[in-house]
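Please see the structure below; I have some questions.
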Amino acid sequence: MQKITILIHCKDQKGIIAAVTDFIVRVEGNITYIDQHVDFEQNVFFMRLECELTNPNSNLTAIKNVFEQTIATDFNMAWEIHPKEQKLKMALFVSKYDHCLFDILGRYSAGEFNVEIPLIISNHWDLRSVANRFDIPFYCVPFTKDNKEEGEKQHLELLKKYAIDFIVLARYMQIITPKLISIYEHKIINIHHSFLPAFPGAKPYHSAFNRGVKIIGATSHYVTEELDEGPIIEQDITRVSHINSVEDFIMKGRDLERIVLARAIKLHAERKTMVFDNKTVVFS
Amino acid sequence: MQKITILIHCKDQKGIIAAVTDFIVRVEGNITYIDQHVDFEQNVFFMRLECELTNPNSNLTAIKNVFEQTIATDFNMAWEIHPKEQKLKMALFVSKYDHCLFDILGRYSAGEFNVEIPLIISNHWDLRSVANRFDIPFYCVPFTKDNKEEGEKQHLELLKKYAIDFIVLARYMQIITPKLISIYEHKIINIHHSFLPAFPGAKPYHSAFNRGVKIIGATSHYVTEELDEGPIIEQDITRVSHINSVEDFIMKGRDLERIVLARAIKLHAERKTMVFDNKTVVFS
Amino acid sequence: MQKITILIHCKDQKGIIAAVTDFIVRVEGNITYIDQHVDFEQNVFFMRLECELTNPNSNLTAIKNVFEQTIATDFNMAWEIHPKEQKLKMALFVSKYDHCLFDILGRYSAGEFNVEIPLIISNHWDLRSVANRFDIPFYCVPFTKDNKEEGEKQHLELLKKYAIDFIVLARYMQIITPKLISIYEHKIINIHHSFLPAFPGAKPYHSAFNRGVKIIGATSHYVTEELDEGPIIEQDITRVSHINSVEDFIMKGRDLERIVLARAIKLHAERKTMVFDNKTVVFS
Amino acid sequence: MQKITILIHCKDQKGIIAAVTDFIVRVEGNITYIDQHVDFEQNVFFMRLECELTNPNSNLTAIKNVFEQTIATDFNMAWEIHPKEQKLKMALFVSKYDHCLFDILGRYSAGEFNVEIPLIISNHWDLRSVANRFDIPFYCVPFTKDNKEEGEKQHLELLKKYAIDFIVLARYMQIITPKLISIYEHKIINIHHSFLPAFPGAKPYHSAFNRGVKIIGATSHYVTEELDEGPIIEQDITRVSHINSVEDFIMKGRDLERIVLARAIKLHAERKTMVFDNKTVVFS
């Protein structure tokens, strides 16, 4: 039985839920998951559904066409309908830190992520051996102040070649170029090693240590042009105390980074996030 | 504008959501909150809605009648419709521990609970002065092995006299009688000082200490005839270590008990819990 | 048997622990708690001990004198020795929010804090009735831009009259004057409703909501002249999501504020905090 | 400069700390970490120290001898002194679940564990490819009701051959034999997928789901003959709700198992745990 995922947002209006659920009934769909959210400040309605199409002759293209011409037009919706089993293609960008990379590839190998990882891109050669252990093509694309343009060109070629759907920066220590950001809008996930908006930018563990905080955190977010200011997908924290050195902060933080990034990847891969006005709606 | 809360559960079937949301539109309701849950194991559908009735002439009794005769009958629903502003009447049962009592009355005075507390019942006189501080009638109903029948009789009279909707056992150290439980089915909330099902029964902090656990917890649940086995509403935990004595466990546990009980009261008062098959659905 | 608490800090040197524990043996003390910390960055040694003086004829003044003339001089220590049972006198400053006040007075009445609360000071009359419920003298000291000097004068007189040891700002919505801060250096505890250093200043819940964070927090800290930049004593957080309004943030935050402030009061009252270089050492 | 770790426990007596710290001074040691704990119920004193031996001619064997003949004898101590840099040899036992294995090997490769992993033992061939990815010898030792004796014999031979110091059961689904437990007393670490003592034995996630708990947990502990009743090293939990299926419990639990087991390995490898009376002292 074909399963589909539907994502919708539009101006909040009376009758949307009734209209959508009614539509599903008409196309012989069986709703297995439905959640919705109204942002009353912005007056925006969000919805996520999963359905089984019980009629084996259902034609997804036809369904999409009817949806577009009826409901989507009536309510002026932004919408997406995807076959649920379709795996997104994910590119990994790394530099020299290997802990997030090992964690992602371990989870990938253990079948936890509903994605394909066709390649790993780095600005250094250091992690090639890790990529090799997991039999994933590894590309070293140098990326410095002086060769940003050439680097970006290579990135775009590789992403196109492998038909990449979204990008994960697993402690990739370079600023992403505006062009790449605009092509992959809300499709580049970064992990920042602080509970944003505290300690943006470089060396957050050192700043946290110097401030004497009692908790440290990590934040996964979509990359926008404003550094560390994109829509937050997930955050988590752990306790620290006066007995912890900055090296302890870094070590404890590694666990946070791993888990907060893994959760974000999972949410994005399962199409459970929607972005609006620099915030995320995260369906559970 | 009148606001109402609707709670529904029934066998899971196609078209329920469409039918319900359609009904709301017909009675000129504006849905401000909707959440639903399907228990696929039991094949049961749960739903909670909040609506504003935009027509000032709306008649709640009439709406209920139509609902009963149409949708509720069609889908064979168990359902409730309540005016949202109606405050539930809550009785507090206490013994000698005062920390939950102080917390509940402080929150009540600060306006955090949408309830009325017309009386406090205890099997001891010790906490009368606390009740007096907050100007709430205090009844001492002795309750021992030998006078359970007389005690239960007094309880029932007081609960009737004050038209009590639900009961909160704020560290009340007596077993509730089966008769009272059956009258107030899923309307008696207890706080147990462990993360159930670990350490049911007496002295859980001592048992936790002896076992050498690294986390302790508290559990709020609806009271059923099986001791500490009723549907769980909320749980939370805190970390302990080898440096903590059993007295430390008790002190740290007080904060857990307070907060886990307060959350359960809030959820029940706002009609955000539903019970099915000894489990709760807790709408957020 | 008399119990004492000893707090020490000095330049880290060889032999400190041996010298101190040896001293305790010599004065017939039985160590019941000992903890120490070395700040390797600053090269500072911190120590906290609790002892029972097993000789009923022990003279605390004499012990202090010997300590000062021997060890304290040898190692150039900053030190304090206090009788453990001595309760600190704590002044509460409040404005209009009552949730922290109710929580503190409830805990105080339930015997959780080893302090005396001789008075409550506010810049408004609103919370007088709460003070009355708990039979604590309440003083309204107006405090606006125009009468800061007069307000400060009254504060100082009241604090002197009641021999106040430390001050707790339980959501007191005014800036403390530099003079008061310098007199009560590291003896004024504030609760800020964010996980500092994120969202300092006014309206942190609104800022957190607008940023779309997935966790909110609260921070208790000693007040210094730099707003919200004093040494952090304790922090905690709770999860939020897109379904939460800013009002939900505020409501969830109340629980954080209560508990994070209560923990800081308890730590300070039990002399478990030491401040150095704008950070705290918090002994457990 | 040679670094050593000292672990001590003995009957609590006056003067232990003074004697030990004095000893360190005498052997030209510089204490870089010291922590102690007194179990007042059992009247037992525990201590852990890390020191640098500042004299390049220090002889560890000689130091141990003097320690044994003086302090250890005076106070009747159980004690250990280890060179800090010495890596423990750790054997991994697995069955078919790969998530803990991937996590441990990823952390091992990333340099997070101060151990050597000379071999992996399994009762199935399934995970050989994972071992191969990380270039670690993999042995399949069948282990069923009928061949326990033969299995145990092979285990003991392999553990001896590789000079294994401690064993980690990374979701190894077989009961360890009493003989192996007694040889590796408090040196076999298991991960159980519940917050013990709740849900011991098989299928804890299913039991947790059926009970309707709001939190699930994981527990790492030393293996003793009583199933799931050994000394607890570490526990952690995560929240679940009515929307989670038992498959969700299992998926969320994987993260708990990974992290709780990794923490236990790290603590054991750094000699930060001591066992007494079926409980652990865990130094931070």
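Just so it is clear, A, B, C and D label the chains in written order, and each chain counts residues from 1 on its own.
The definition used in the following text is that a residue touches a chain if its C-beta (ideal position, glycine included) is under 8 Å from a C-beta of that chain, and two chains touch if they have at least 3 such contacts.
The chain list, named the UniProt way, goes like this: A, B, C, D = Formyltetrahydrofolate deformylase.
Here the structure is a predicted model, which means the values were calculated and not measured.
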{"item": "Shared interface partners, meaning chains that touch chain B and chain C", "value": "A, D"}
{"item": "Copies chain A and chain D - rotation angle from C-alpha fit, nearest 5 degrees", "value": "180"}
{"item": "Mean-CA-position distance for chain B and chain A (Å)", "value": "38"}
{"item": "Distance between chain centroids, defined by C-alpha means - chain A, chain C (Å)", "value": "42"}
{"item": "Chain A, residues touching no fewer than two other chains", "value": "40, 243"}
{"item": "Complex interface listing, chain D residues touching chain A", "value": "98-99, 102-103, 105-107, 109-110, 112, 130, 133-134, 243, 251, 254-255, 259, 262, 284"}
{"item": "Residues of chain B defined as touching chain D within the complex", "value": "37, 39-41, 195-199, 211-215, 217, 231-237, 241-243, 245, 278-282"}
{"item": "Sites on chain D touched by chain C in the complex", "value": "14-15, 17-18, 21-22, 25, 30-32, 34-36, 38, 40"}
